[in-house]
Amino acid sequence: MTDPMTDPVLDAQAIIRGRRAWPLPKQADPNAPLLVVEHLTTRFKMAGGSIKAVDDVSFTLNDGEALGIAGESGCGKTTTALSLVRLLPANGRIGKDSSVKLFGIDLAKKSEDALRRYRWREISIIFQGAMNALNPVRRINEQIAEPIELRLKADKADALKRAGELLELVGIPARRGQAYPHELSGGMRQRAMIAMALACDPAVVIGDEPTTALDVMVQAQILELLERLRRELGLSLILITHDLSVIAETCDRVMVMYAGKVAEEGAVSVIFTTPRHPYTQKLIGAFPNIHADRRTLDVIPGSPPDLREPPPGCRFHPRCPFAMAVCSVEVPPEVTFADGVRVACHLYPPGSDGLPITEPTKDALVQPADSAGPGLGAGVFGDEEFALELRGETVEPESAEHTFSPSHGLTDDRSLDDFK
Amino acid sequence: MGSRYLLRKSFGAIFTIFLIVILNFVLFRMMPGSPDRILLRNPNLTTEARTAALERWGLDKPLIPDQLVAYLQATAAGDLGYSFKFHGESVTDVLAGRIWPTLILFGLGEILAVIFGLALGAYSGWKRGGAVDYIGNGLSLVLYSMPYFVIGILLLGIFAIGLHWFPTSGMLTIGGSNTSTWDQFLDFAWHLFLPLLTVTIGLIGQYSILMRSSVIETLGEDYVTTARGKGLTSGKILRAHALPNALLPAVTLIAINLGYVIGGAITVEVVFNWPGLGTLTVQALEARDYPVLQGIFLLLSVSVVVANFGADLIYGRLDPRVRT
Amino acid sequence: MTTEVLPEAAIRNERLRLRLKSIRSFWRRFAARPDGVIGVVVLIFFSILAIAPGFFVGPLQTVITATGLPLDPPSTAHWLGTDELGRDILNLTVHGTRISMFIGLLATVITILLGAMIGIVSGYVGGRTDTFLMRVTDFFLVLPTFVLALILAPIILDIVGAGSEVFGIRVTLIVIVIVIGITSWASTARIIRSQTLSVKERAFVGRARVIGSGGGHIMWRHILPNTMNLIVANTVLVFGGAILTETTLSFIGLGDPFAPSWGEILNAAESAGAMGLGAWWYVVPPSVCIVLVVLAFTLVGSALDDVLNPRLRVRR
């Protein structure tokens, strides 16, 4: 039982909450952790049925922490983040048992009107692809000032002034605020998005692939900026990305997701050195290491499952080199080990010692003698694409049909031009 | 607004007008059996007018450059020739007499159609799937498939002839010029009602359909998600983010449409016997009154170019991306 | 040593099989759209009428062969009443189907041929040709083409001489066809050019150029098939628009009283003062036909466009 007087988490909490520009929400519990998400499930209703894009995901975020959510495209990371403030398309619903407790206040149970109060003021989002996330016909400073004016009831002049300060904070000269989004470079737009996210001094900032669309140099600058802001402002960050190097550099903890479920979660230092879940191992192994000796790229054969008909049992089992018979039958339970890592894998059942397993066990269906060795990649189109994606390079598919991404078409996509 | 944009569009408009004038010349002078040559065989012309015409048009001089230059000069000075049918009256006068009824009918009609069409479409797009949406959409589609004059005939048949609520033709009651101005105005409005309704109904369909799909598409854009994320109310999102972007294609459509609207315009005037440019066109066509036709073509074409230019200006005001 | 060579026949069969599969998948998707299906049914109905009008109502009635009293309301003898010359309106309307559809068809062919050709050439060749062609296209787009049509028609008629026949078709009709074609190709050209620009960037075009295929060959064998979807969808919409334009031109008086299209019937009705005399049966049948056919074309065109040019398709 930790002593609340000397618990480092509570200390950080006190310091950071003490720094807030305004008081906690009236319903807040001052001793509660910043954000506790439990059994979050998000469904999308589609023509043929419904898809669980996020299936029973739980995690905690403490003050001043940076949590990274990693995984392939379509694994549900963005949906998880958007579900926190229910920023879902019309056909998206959060499960009845889900709870999203911010300062102990359950946002999942709030009505849409009540929830609006928490959007941007407590939880804000830096969206991916700033060019599309910014209104093309309004000036940048107006867009940053908008939430300040409307949500914080400031007057226009004050709001614009504050917007200017925010722009300076992220490294954009205030007078550039007069520009329209298309007049700024990609990096500057992303910075503007960050400034906008900070406008109401929120408790939690979610970064949804904030550096994906940028080239490497700019990426580094943005990450540096985020780090600096974290330190200076005591920001609590949720960073969503498929790029593990970003997580390694910026985050304290990481949660690896696969096909809507949590595979593994824990401190970055632990997970990157001793990954347990086979998927995590592959993710890290697929990552080209400039210091290691040259070898072939470790790729994972196959592609992510179609969430309309997910594989039974563990969703990763069709691609898992260590799969056992039980993996196709039962969903693996989440087990937490002494070093604070949470894993959902049958290799680490409740009560096991938790030592990482890197070879197929005796129960594995595919023994080492059968395969040609771990990941001497089949070089199928899906693999190369995946491996390249991990490195942060995106591959342009030939047509929309070739890329499977469940997020396509998950919105209610009745023909937009029904009557032209 | 960027001066380069303004310059580009102005230059484009002027150049197009210039091309139109030349096209006019080509059509009416250069083609074999051209009407200006046939002119000389027209029995309606008096001897003086004939000599004057010969002299002015210099039909005995070479086509290019003499005739062309003369034509350009004459047009620039506002001299568009003389009508056959109207006994030598100048084309400019003939047109001037008919222009404002058309302007009122179509100006008002277009304005009403734009306002109601855009509003209806935006509402449909916002509240997708409601009764208003389905009915409005279906109705718009049917109206879009009807030629304007069919709508006109329908309305005429039901309300004017069937129910006797409105007059069946003309712009003013004949012989009513001794009543007060207010009465005259009412009389005019009474006559204007059905043709105006026809034009408005005919145009509304396209604007509503376009605005609906434009709003739907805009609502799917990422910046609307951002706006929702900011905790703005639905109304605010619609007004500040969705509509300003959804309006852009509408402005473009309105401009493009003007060229096509004219076709319907002419026929509606015919149905209601409205004394504007439309009925003038039909009369001139029957009489093969080429100078008048030529004048109408020039006037309408230039109007469309000017209107397009105006739309470009408005678009430049609304969308900062094109100003660079 | 034996060498395995794939016989020509096997390749052809495979190609045929794939094509049949894609056609079947197309039909399945198209049939799922009720608006498209209704449109097709309506169009088939009118096409049958257009192909053999005489089969249904006998030959086109003229002043001489008129069978009824002038402006008779609908009765058992004349289901849709008679016009001012005593001709049976049902007869006129059914024959009008053939004329309206025929003019529409020819005009559409010209429009699409011109538009697609200019669009593909402009998009593929690029450079100065493209700029020039697009300037011309834009000019035609700005022009109030209806007014242009209005003026061209009498000029051409006067030159050629109305009342004569070319290939068994009356000249007046041919003039309308040409005039609609000349004035409608511009928007098709723009659309096809956009598509050509994106098809041009695809890998197989680059490959074709590398192996030395000529521009014409590439345009015919590669660009054209890949723009065909768009062309087809556009054709249907253009057809509907052509019928609307022809109707309007005829209503104004450019039609042919001896080969009355629906627009021409309405023109005659207007001249006879049908509405004022309460002869609604004169006006309603052609109007209803016009609306039905244009609506059908619009629905089919919209459905085709959605089926052939999907925006986002999720695999499986």
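By letter and in written order, the chains are A, B and C; residue numbering begins at 1 in each of them.
Basically, a residue touches a chain if its C-beta (ideal position, glycine included) is under 8 Å from a C-beta of that chain, and two chains touch if they have at least 3 such contacts.
These numbers were taken from a predicted model, which means no experiment stands behind them.
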| item | value |
| --- | --- |
| Dominant chain pairing [most C-beta pairs in contact] | B-C |
| Of all other chains, the one whose Cα centre sits farthest from subunit C | A |
| Distance between the centres, which are taken as Cα means, of subunit C and subunit A, whole angstrom | 52 |
| Approximate Å spacing (C-alpha centroids) for the pair subunit B, subunit C | 25 |
| Geometric centre distance via CA averages, subunit B-subunit A, whole Å | 54 |
| Multi-partner residues of subunit A (at least 2 other chains) | 416-420 |
| Numbers and ranges of subunit B residues touching at least 2 other chains | 141 |
| Contacts with two or more other chains, residues of subunit C listed in rising order | 298 |
| Sites on subunit C touched by subunit B in the complex | 139, 141-148, 150-152, 154-155, 158-159, 240, 244-245, 247-248, 251-254, 263, 266, 270, 275-276, 278, 280, 283, 287, 290-291, 294-295, 298-299 |
| Contact footprint of subunit A on subunit B as seen in their complex | 137, 140-141, 209, 212-213, 216-217, 220-223, 225-233, 236, 240-241, 244-245, 318-321, 324 |
| Subunit A residues within the subunit B interface of the complex | 85, 87, 116-121, 124-125, 127, 129, 132-138, 146-147, 150-151, 180, 182-183, 411, 416-420 |
| Parts of subunit B lying in touch with subunit C, wherever the complex brings them together | 16, 19-20, 27, 31-35, 38, 141-142, 144-147, 149-150, 153-154, 156-157, 161, 168, 256, 258-260, 262-264, 266-267, 270-271, 281-282, 285-286, 288, 293-294, 296-297, 300-301, 304-305, 308 |
